[in-house]
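Note sheet for the following structure.
Chain IDs A, B, C and D follow the sequence of writing; residue 1 opens each chain.
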Amino acid sequence: MTYILRIQAPDEKALIYKITSLLQNFNITKNNEFVDFEQGLFFFRAQFTGENSIDGLREQLLEVLPPNSEVSIEPKHSPKLILLCTKENHCLGDILLRRESNELDVQILAVIGNHDTLRPLVERFGIPFFTITHEGCTREEHEQKLLDCIAHIGQTELLVLAKYMRILSPDFVAHFRHRILNIHHSLLPAFVGANPYKQAYNRGAKIIGATAHFVTDVLDDGPIIAQDIIKIDHNYTIKDMQQAGHDIEKIVLARALKLVCEQRVFVYQNKTIIF
Amino acid sequence: MTYILRIQAPDEKALIYKITSLLQNFNITKNNEFVDFEQGLFFFRAQFTGENSIDGLREQLLEVLPPNSEVSIEPKHSPKLILLCTKENHCLGDILLRRESNELDVQILAVIGNHDTLRPLVERFGIPFFTITHEGCTREEHEQKLLDCIAHIGQTELLVLAKYMRILSPDFVAHFRHRILNIHHSLLPAFVGANPYKQAYNRGAKIIGATAHFVTDVLDDGPIIAQDIIKIDHNYTIKDMQQAGHDIEKIVLARALKLVCEQRVFVYQNKTIIF
Amino acid sequence: MTYILRIQAPDEKALIYKITSLLQNFNITKNNEFVDFEQGLFFFRAQFTGENSIDGLREQLLEVLPPNSEVSIEPKHSPKLILLCTKENHCLGDILLRRESNELDVQILAVIGNHDTLRPLVERFGIPFFTITHEGCTREEHEQKLLDCIAHIGQTELLVLAKYMRILSPDFVAHFRHRILNIHHSLLPAFVGANPYKQAYNRGAKIIGATAHFVTDVLDDGPIIAQDIIKIDHNYTIKDMQQAGHDIEKIVLARALKLVCEQRVFVYQNKTIIF
Amino acid sequence: MTYILRIQAPDEKALIYKITSLLQNFNITKNNEFVDFEQGLFFFRAQFTGENSIDGLREQLLEVLPPNSEVSIEPKHSPKLILLCTKENHCLGDILLRRESNELDVQILAVIGNHDTLRPLVERFGIPFFTITHEGCTREEHEQKLLDCIAHIGQTELLVLAKYMRILSPDFVAHFRHRILNIHHSLLPAFVGANPYKQAYNRGAKIIGATAHFVTDVLDDGPIIAQDIIKIDHNYTIKDMQQAGHDIEKIVLARALKLVCEQRVFVYQNKTIIF
C-alpha cells in the first residue's frame, strides 16, 4: 500500500525529526519539505509504503506538531474528475488520450459542454457527455443546471476546465474551493480576461504563454500551478498565435492536472508549492 | 561598401519587383520584407554591397513607391551611444565586455550614472564616466543636467538604459524618439513599474522574464524589441529571482541593442518588426 | 486560387528582380528567400494568388534563371498521407485530433501498425487501420507487405512515422525520398538509435529533446526539420523521461508535419531550410 | 555560524530520522535528499545554523549511518579558485563581473592564460594574471608549468576553464579530481571535441547548446552540471552560432560554478545530483 502524507504547520525546530520518528515503521520513498521563512510556515509531503496500519498515525502526528497544523494521509489513488469544455478539442482530446494510455491516472466520470460540438469526440472514448447550454437562461440558472448535472454524475474530486469559455461566478466556485483547474491562454498576470492573444498581438509581445491555475472568485487570479511559453515574432497573426498557443495550453493543463492528481500541490496565500 | 536600405510603404502589388529593379547594379546580400495586411503596410530591409554610387537612389525609389513611403539608405556603420546606469553592474558590464571583444560593433561615447558606484568599472575600460546625481534637485533640473551632459559628450545616436533606475519624463523622452532603449525586469505587460520581482513573488509566478523596449511617454509601455524568460518555483525568494533575473536582463538588453545597431528594427503602432 | 512557388537555383545577382518581374500579375502574399553563400545556392518560396493562368510560368522562370535551377509551382492543397505506428498513442492521437479540428490541413488515408494496439483509437476517428505484423517474416518480406499495403491504399504524398518503432531499410526508404517523416526521442545527433532516454539517463543529461527529421539511408541521420527540449534533473527516472518526452515528441512531430505540408521545407546537403 | 552537511550512504529505512535526531540542537534552514533506488544510494544535504559546537557530530553521524557512508560538515565559506583562459573574454569577464558585484561569492586567486590576450582585462580587476604559453614545449612540459604556477599561487579549491582551449591530460586531471570545471559549447554528448558549432552547422541542427561539466580523463565526458540551449535556424552561419552561443556558455558556466561553490553538487557514476 502506498500513502501520501501532507502537512502544513507553523515552522519550528526539529519538525522533520518529529515527523520521521513516527514513520519509522514505513518505507518513505519520496519526501519533500519547504519552509516559507517570511511566513513561518512549514510544508511537507511524503510518499510512503508499508504493511502496517496507519490507524492513529494522523493523531500521533498532530500531537507532536505545533498547534494549527494540518495533516492529511490518504492512500494513493486515481482521482475522479469531470471535464468542462466548449468547442475546442485540443485540451480535452489531449486529456482523453493521456487517460487512455494510462499516462494520466484518473477516472473521467463525464464531460460537460455548453455546446454540443465535442460530443462525438468524447463519446468515441466511451465517456458520457452532457450538454448544458447557457442559451436562454441567466447565469444563475445555467450554473444551477451545471451543479445539478455534476451532482447527478456523482462524487467528483476535481473539475477541469478544458478551454471552457464561460466565467464561473463566486457562488459556483465556492462549491469547489481549490478543486477547479483552469487553463488561461496567457502568461498570467499578463493579458487577463477575454482574447489574450489579441491583447498580445496589439501589445507587440515577443513571447506568449499559458497558465494553469485554480479558479477563485477573481477572474484569472487564482493560484498558479504551471506556466509555459513560446516565442513569437511579427509574422504571427492572431490566428497563428492561437494555433501555436494550443500546443502549450494542452501541455500546461495536463502537467498541472497530473501534479494536482498526485497531490503534489499545496495552496497558501494565493500561491502554490509544488513538490 | 555595404549599405542598409529600409523602406516603409503602403502595400501594393509588385513592390519588390519595383525596388529590386533599381538595385540591379548592386549585390543584395540579405533582404527581408513583411506585409501587415490588416494595416496595408509594407516593410522592407535590404543589405547590399557595390562600387556604384547610391546618389539619387533614394529619390528613384520614392518615385516608384506609393505616396507616403519612407526610405532610408545608410552606409553600414558603428553607432555612437551613451549608456545610463545606477548601481548594478550586470547589464553595463556585459555591454562593456561585448564592446571590447567586438561582438557588439558600437562606439560607447560615455556612461552617465546617477550614482558614482560604477565609475571604477567604466573607467577601467577607458570610457568617460559622468555622475549626475538626482539628489537635491527637481526632476526637471536633473533631466536638464542630463541633457546638458549628453550635449557636452557630443552627437549620440542611442541612449541605452542599462538598469538606470529612474523614470524619464515625456519631455526628456521627446528628445530621443525611438532612440532610448530600456531593459525592464519582467515579461511586459506583466509587472509594470517598481519591484517586478516582488510583484512576481507575490503573484506566485512560475516564470519570470525580461523585456527590452524603446522608451515612450508611458511607463514600460514602449515597443517591445526582445524578451526572454526563466522558469522558477516556490523555492525562489525575491533575492533569488533578482539574481537569476540578471542573467536574462543582460542577455535580452544586449540582443536588443545589437538588433537596433544593425538597423534591423522597425517601429510602428507601438510594435516592432525585426528583420 | 493560391499557388506555392519554390525555386532552388545557383545564386547570382538580381534573381529576385527576375522572378518578381514574372509575377507582376499576381498578388504575392508571402515570400522568403535564403542564400547559402558558401555553396552559392539561392532558395526562394512565394505564396501568391490571382485569377490569371499559371500556364507557362514555370518555363518562363526557368528561362530567366541560371542553368540547373529547379522550379515548382503547385496549387495550395491538402496533402495525402499515411501514418505508421506501433503501440504508443501520443503522436498518432495528437495528429488525429489536429486533423479533426482542421488545425492540420491534411488527408489521412490510413494508418498502418505493426501491432494491432492502436486500431480502436484510429477506427474511432473513422480512418482505416491496417495491421502488418513483422512477426514471422524477414525484414524484406515485412517491408514488401508494407509497400503492397501502401500501394493498395492509394497515392500518398507522405509517410509519417508516429513512433513507429521499426527501422526501415535503405531499399524501402528509396521509394519515398524526403517523403518519410520520423520523430526521434532525442536531440539528434545525441543519443542515436535505441533507447535514447536510457542513454540520456546514463549520461546524466540535464536536458532531453526530440527531433523530427526526414528518413534517409543512415539511421537517425536525415535532415532535421524541428527540434525541441525539456529540462530534467536527477529526480527523473527513465520512465519519467519517457512521459515528459512524449510532450515534446508530439509537438515537434506535428510542427514538422505542418511545415512539410505547407511546402515550407527545402532539403539540401542533408540540411533543411524552413521558410 | 552556517554549516553545510553532505552525506552519501547506502539507502536504508529511517535515515532521515537518524540524521535529524542528531541535528535537533541546530536550526536546519534547508535540506534536500535523493534516493537512487536502482543503486540503493541515499544522498543528503542540509544547511544548518547554530551556536553549538559541531565537534564530534561527524563521528556521531557515521555511527548511526550504514557502513561505507560518507559524511562531510563544513562551515559555509567563499571558495578559492583559479581561472584558466585562452583568448575569448565572455566567460572570464562574466565571472569577474559577478565576483565584483558579490553575486558570486568566491575568491579568485589568479587567472592563467596560455595566451596573453586577456591580461589587460584581468589586471584591470586587480587580479594577478599569469601567461603560460604552450608554444615551444611538449604537453607534459606545459602541464608541469601549469602545475608549478598553480602551486605557486597557493591553495586552490577549484580550477575553472573559462573557455580554455587546450585539452588536459589524465595525469593533470588526476591532481584535481572533480575540481576542474569546464564549459563545452555544445549540448553534450552531441558534438564532442573540436569545433562543435561547425559540427552543428554541418548537421543542420535547429538547436545548439552549452554544457558545464567536471573534467575527467575522457574528453567532454565528465559529469554534467548544467546545460542550456538556444534555437537557431538556417540563417545562422557558424560565426552567428558562435556569437549566439557565447550567451549560453557564460550563463551555464556561471550557474554551474555557483552550484559547485555552494556545495550543492554530488557526483556519482559520472552523473551529478544537484540540490
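Basically, a contact is a pair of C-beta atoms (placed from the backbone, for glycine too) under 8 Å apart; a residue touches a chain by one contact, two chains touch by 3 or more.
Owing to the predicted nature of the structure, the values given are computational and were not obtained by experimental measurement.
Trainee: Report same or different for the subunit A and subunit B interface, where same means the shared residue numbers exceed half of all residue numbers found there.
Mentor: Homomeric contact, same residues on both sides for the most part.
Trainee: Quote the value, from 0 to 180 degrees and to the nearest 5, of the angle by which the CA atoms of subunit A must be rotated to coincide with those of subunit D.
Mentor: 180
Trainee: Looking at B-C and C-D, which one has the bigger number of contacting C-beta pairs?
Mentor: Of B-C and C-D, it is C-D that has more C-beta pairs in contact.
Trainee: So how far apart, in whole Å, are subunit B and subunit C when each is placed at the average of its C-alpha atoms?
Mentor: Those two chain centres are 38 Å apart.
Trainee: Please report how many Å separate the Cα centroid of subunit C from that of subunit D, as a whole number.
Mentor: Centres of subunit C and subunit D (C-alpha means) sit 40 Å apart.
Trainee: Indicate the residues of subunit D shared as contacts by at least two other chains.
Mentor: Within subunit D, the residues that touch at least two other chains are 231.
Trainee: Sort the chain contact graph into one of these: line, ring, star, complete or other.
Mentor: Contact map by chain: complete.
Trainee: What residues of subunit C sit close enough to touch subunit D in their complex?
Mentor: It is residues 34, 187-191, 203-207, 209, 223-229, 231, 233-235, 269-274 of subunit C that touch subunit D.
Trainee: Sort out for me which residues of subunit C touch subunit B in the complex.
Mentor: Where subunit C meets subunit B, its residues are 13-14, 16-17, 20-21, 23-24, 27-31, 33, 35, 37, 231.
Trainee: Quick check: in the complex, which residue numbers of subunit D touch subunit B?
Mentor: 88-90, 93-94, 97-98, 100-101, 103, 121, 124-125, 243, 246-247, 251, 254-255
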